[in-house]
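Both of the next two complexes hold chain A, though its partner changes from chain B to chain C.
Moving on to the complex of A and B:
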């Protein structure tokens, strides 16, 4: 066989090493896909699901809730950025435990709210993010962010979305009559339901989620106002758990979470 | 003393033979769908990035994303988003890894796919070409988009979807406890769905493990120098996706 020059010999050995490394990379090895580490004995919380009528529930889920808060936000904009056909405040002061068995205690209390046909229709700055773990080594802290650019769906047409959120979450609505009605009822109501935030901005209004849902979302109120849906101009939902379903706790048809042109990043 | 000259074919034959036999056996087994596949956990390369991957579409059943940790070969523990599927079918797959060896930038690239963008199994077209069971991917970043000819866009979860569950509670493999190996502590958050579709996907991964069978049609593994040959160069475009 002919002799090779020093450079060719180096390349030859390099190729041989790459072949070997390549084989290691793609060679079958004991897999972690079916690992049995961890535990299934985490604390579960039974959570009833809205059936789309009043504040009634039908069916339930029994998840092991992580305890990390996921913040779904998009900034206030005068144009409608999301729509919800129906909403319900099932109740606040709910007890939801995290996976370790500790009760999750958000600043505004734990509220169960539910949406019908939740669609984000005109938004490019939304983000769903968490800094779920800030513990010490050996477990690293982490940030997880989900950034859809454009319209996205967490629910969709005829899908119910149940959320357990911090009562200090906010929705901003950009319909004057809805805002005025909310303010009027709030001022005149003798209800002991807690009110949180009401902030005027650019002629629109922010409503603390408890206020909004308690004061405005009575059945038939949207029709009374001549609206087909809640026109949402901004939101800050501090979510601990969310489930999409068909109204009886079963899976809805189609894609109930649609995240087009979306980047998910861990850091 | 005379300097020894000439090629040491005898010595060179050892690594060459070892490499050829080893990779030949691996590829034969993989192409016959009889083995599991595990890309080993890697360090970030000299540019600080893990392995790149891309697929034109992924259709998966029993899907979950959960935050957990992975230990790199360097010993560093990093947070990862572990994506798991009970079954998955892919339109094309590319995995590439770039390293700097001395003065050389070497790229090792795996590609598979039949070149046919069959994006929607419900349309009656042939199922996507790559099939895998019980797969997990440890991700640092993933992006879903849309290219011409595809039924939908980005990342879609179907059925009863849950956000906020603990990683350890995600059931991507029925009957198995904690298939994503999530920590038992609180605050390791996850997302699960009955099924999912991912369109025009690009991203960075630390690890991929497929414990069930996998079929990789038209599999090719290439090496190159000079810095080219990566699966993709711009995560935000769909121009260089495999099919």
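Moving on to the complex of A and C:
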């Protein structure tokens, strides 16, 4: 084998440099939630964020929503499994488009709920599950389960968590006075704790109830009832998109999603 | 030539019998030629520097352990191992096949090995960056071997007899 001549060596070096610089410059960048550009195939959807009081929103994110549903479940339990300092239902019948440009249409409609300082305190029953499939139907028959070994946080103190969920998602509240109030305004069938309510009920039943719900969920009402937070005994949230922020659309302080040793299984 | 080779091996190394038949002899001769060619090839370029640099690149790629698909779609944090490790492999090969540009190849490989530390999993858990820096330095500093004093004396005696005082 002959050695390369001077011209061939020079060409080789030039090609190597161009290849390397090209790979540095043209590495595809992932889409960011707040970006206005990304991969050409992504359709961005504009989602307004809760500002922490009433149903007012502030700022927005423009994510590429995958369309995959993340199911966060705590099976109904008599003990408190999560706490939330404030809950708001911004509205149901929301239009959220996936990256392909198709409107996502969950069975119970698309609802926008928001939590203030969401903290999961009982890890035993918490399961995060997703169908993990963003391609064309039919989706493959496997599930991805994420099982944290301890308390985990999705939001944390003074962090607002906005969720776009299926209206059939449910919350079970573990407090007698809150349950009595909720049953009085027909949000739950049971007046004793723990009681379960469906997210879409607030959006679809009566507009007046929606306003009342927001008042119920305001921190002031919690103080009136002598509570520090909403004690959640169970939930089944079918989440299509989740965003955490500091109340004005900016990034939250610290780590807003914290997981301990977590077992990830595919079944 | 072939007879003398056979005689030598039979007399000098009786415990290692020479291969019988033409195929064995031919293979041996080819092996010998290949070894000589490789030695000559190795000695005319920064071979060992290239070896360390290529190994560093492979180690960095392996340490990242992301699939190519994820690297192509996940952005810089997933692709950095492939870009940095691939760069080191590339410039290790450049040092081998374009030894005229060994200075440039060594310098760029050195920068890539340094940059791999903050970008690619601590440069493949430090090992890749260290190997890369050593390899790149060897490429950059490679050059013709300086003759020994004995060779110098011999050369000066042969070329300019009586002028050893100037060496």
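Throughout what follows, the second predicted complex is superposed on the first by the 181 of 267 C-alpha atoms of A that agree within 3 Å, B and C clash if a C-alpha of one lies under 4 Å from a C-alpha of the other, contacts with A are read in each partner's own complex, and residues count from 1 in each chain.
Just so we're on the same page, contacts are C-beta pairs under 8 Å (C-beta built on N, C-alpha and C of every residue); 3 or more make two chains touch, one makes a residue touch a chain.
Keep in mind it's a predicted model, so treat the numbers as computed, not measured.
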Dominant toucher of chain A (residue count), chain B or chain C:
B
Mind working out whether A:107 is in touch with chain B, chain C, both or neither, as first, second, both or neither?
neither
Answer with first, second, both or neither: which of chain B and chain C does A:260 touch in the superposed model?
first
Intersection of chain A interface sets (partners chain B, chain C)
1, 3-4, 9, 12-13, 16-17, 19-20, 23-24, 27-30
Of chain A, residues touching chain C in the complex
1, 3-4, 6, 8-10, 12-13, 16-17, 19-20, 23-24, 27-30
If we count contacts the way the header does, which residues on chain A are in touch with chain B in the complex?
1-4, 9, 12-40, 42, 44, 61, 63-68, 70, 98-100, 102, 128, 130, 132-133, 135, 137-142, 144, 148, 154, 164, 239-245, 249-252, 254-267
Of all residues in chain B, which touch chain A in the complex?
5-9, 12, 15-16, 18-20, 22-23, 25-27, 29-30, 35-40, 65, 67, 69, 77-81, 84, 97, 101, 104, 106, 108, 110, 134-136, 139-146, 152-169, 173, 176-190, 193-194, 197, 207, 209-212, 221, 223, 235
Residue positions on chain C within touch of chain A in the complex are 37, 41, 44, 72-76, 79, 82-83, 86-87, 90-91, 93-94, 97-101, 104-105, 108, 112
